[in-house]
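Okay, so chain A shows up in both of these, paired with chain B first and chain C after.
Let's look at the complex of A and B:
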């Protein structure tokens, strides 16, 4: 069982001092969404769970001051979560050597499985110190899914008229209350002071009005272009169920189309916005 | 003897209200997997069979964003224009849960104890609130632990209790409620049964004492370590009522706006000096719970929580008022064992 191996590893890492905190999943009751737990004593390792409710991207907890204060972390990641971790390293937010990464094979999280899982091609994390897999698993570490499968929802949406798409976003953003759950659970939203919180001058209206909400979601989307690792945590966290996944997909499709880039897939590759290449397109400069 | 209204008559009453130029707010399936209180274009859009919508009726009295006045610059002159007297439509809230309507007397006090908030009051005056007693509850519900319940009457103008498949017993509680149902109900022999609420989940008096005596207790930080620091709990809470006032405009003019704000944001208490008296998430969680269970009760005598459970249902990391208070109650079984740090 994966969970037994996780608990055993967690206890060992803590007692050997390899990590001061193991960031994993806990759960109040079976079937309830699992949430982050921060295990600091080997004897608490049995609080860890592993099941299809482990949806949270734990990489997002690493940015938090309270978590950094706990010492060297070991963090449990699924393949999709790991992509965010790779991006954090690329953007100098974490030092890989200072984190112990525990990868767990995942064949779909959520009940029913989250939308992203249908076209997942990173079932087994690769950039880890340890990988725990199902004993019987024959799944290949990296499965190739055609990009058409990844972007099917986006393509269906783009077949609508521009007017229909605008009406859709008006309704979606119309429900936004600016709770910033999308930002808070995002592993790549790590700005110490978000532009939405800047008030001298105020760049984005703090009002949850059509203007303020469009400004917030579009600005956030642009800032995450070619950086968003597609974990869809923002969409899951949104209390108003705004379909932020569609925005993320649009960003990912543009990055893949124009730069052949998928955020966090290749630890060696340089991010398009963070590297200069002579092959960079210039045709948009008028 | 009881007063009874059929579902068909109730729908007619709502459609009549809309036809007369009023607004009807009720629980609606705004997306396939999302029930929210929303403006209804017709009574047929109202949903039944929900436990609690994912928002609260708060925003129809205290909107998430509200213009207080507008300003315009002409040379060195500043021109102000009032909006407080702009008319509001008569508003019928139909099918609110008792835990939602219970927030009205709570907010009435906040917005009237000193300064009279005309913006809130004009909406309150224009509203008739009809609640629907709960026949079901989920794990997140805890109304009975905070003095509320499945058929609580606070804040309600009329209470509907399910009577069989196609009717409700109507209990008119105020003049507004009586005016609404005047001539629409029939006398009946049957009386609806009030279903039991959720079991008691914590002792609110214990919580009140605990929060007073344990300001610096590390348990706050420990129990809330996973908090992501968003405002999903506060903005879906019927009773959370903090707001910020900002100017939004440009060199030519703009508006002074009142927007929801939340004590879970680090910016909420950030001083211009750079100092933040609540610099850690645990302190911010302590604040939210202290406000609900000690600060507001000390000032107004009631708990600033109706037990609707939205915080726990909606939190992306499964951390609500109930989660924290249950853990505190379990960790400190009796007051004697609580040692202030």
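Let's look at the complex of A and C:
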């Protein structure tokens, strides 16, 4: 059982002093969504769980100051979470050597499985210190999914007319209450002061009106352009069920199309955000 | 529609200080005529032109936005326009997904020597926007209270 191996490993890491805190999943009752737990004593290791309710992207906890204050972490990641971890390292937000990464094989989280799982091609994390798998004989770490499967939802949406798309987003953003949960759960939204909180000058209208909501959601999506690792935590955290996944997909598709880039897939690749190429396409510039 | 209440588009032009602004200045000193529908806002570099400014222009009631700066290789700061170009490549895709009218957002390179190109670009955009009419879709978004 994966969970037994996890608990054993957690207890060992803490008692040996390899890590000061193990960031994993806890659960109030079977079938309830799992939540992050921060285990600091070996005897608490049996709080850890592993099942299809472990949806939370624990990489997002690493950006928090109070978590950094706990000492060297060991963090449990799924393949999708690991992509966020790679991006955090790429952007100098974490030092990979100072984190013990426990990868766990995942064949779909959530019940029913989250939308991202259908086209997942990182069932087994690859950039870990330890990886725990269901059985040793299972399929290769990276199963390639055709890009058409990754962007199927986006392509279906883009078949609507621009007017229908704008009307769709007016309805979606109309439900936004500006709780900024999408920002708080995002592993890559780590600015100490978010532009949405700045008011001199006020770039984004702070009210939850169509104007303010469009400005916010455009900003949130675009600040993650070619950076978003596609964990879909923003969409899952949204109390208004706004389809934020679609906006993230649009920018991921653009980044893959223009730069052949998928955020967090290759720790060696150079991110296209903040860089440029003399060969960038400019057929839209007069 | 008669001559007095003809729709006059409002066009916001975000331009770079070193090339397009001087190009527009050259158009002026050459006494070239172009429509007065354009409001020029000068920036140090196209690299400084934040995507939020494009959104802001539409919020404020612009019917079209023009973003213009130095040709590739001519940037006063070496690479600002390359960074801007890459940003727009992605930003256009986002706006398209949102259903925002890409025909109302224009990108050009206009150098300090291209006063004539500036006049032509502004004339062209003004004519095109006049045909399309006011950008009521975004104006409604900016005005609605809920």
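As a convention for this text, the second predicted complex is superposed on the first by the 271 of 286 C-alpha atoms of A that agree within 3 Å, B and C clash if a C-alpha of one lies under 4 Å from a C-alpha of the other, contacts with A are read in each partner's own complex, and residues count from 1 in each chain.
Assume contacts are C-beta pairs under 8 Å (C-beta built on N, C-alpha and C of every residue); 3 or more make two chains touch, one makes a residue touch a chain.
All figures in this text were calculated on a predicted structure; none of them were measured in a lab.
More residues of chain A are in touch with C than with the other of chain B and chain C. Once the two complexes are laid over each other on the shared chain, residue contacts for A:97 go to neither chain B nor chain C. Using the contact criterion defined above for the overlaid structures, shared-chain residue A:285 touches chain C, although it does not reach chain B.
In the superposition on chain A, contact of A:202 is made with chain B only, not with chain C.
In the overlay built on the shared chain, the residue A:164 is in contact with chain C alone; chain B does not reach it.
According to the touch criterion, the shared surface of chain A, contacted by chain B in one complex and chain C in the other, consists of residues 205, 209. Listing the residues of chain C that touch chain A in their complex gives 50-52, 55-56, 59, 72, 79, 82-83, 85-86, 88-101, 106-109, 121, 137, 140-146.
For chain A in complex with chain C, the touching residues are 154, 157-158, 160-170, 174, 195, 203-205, 209-211, 214-215, 218-219, 221-222, 225-226, 246-247, 250-251, 253-255, 258, 272, 274-278, 280-282, 284-286.
Of all residues in chain B, only 30-31, 33-34, 36, 54-55, 59, 64-65, 139, 221, 225-226, 228-232, 234-236, 244, 246, 248, 257, 259-260, 262, 265, 267, 280-282, 314, 316-319, 323 touch chain A in the complex they form.
Within the complex formed with chain B, the chain A residues making contact are 28-29, 32-38, 56, 60-61, 64-67, 175, 177-181, 183-185, 197, 199, 202, 205-209, 212, 233, 236-237, 239-241.
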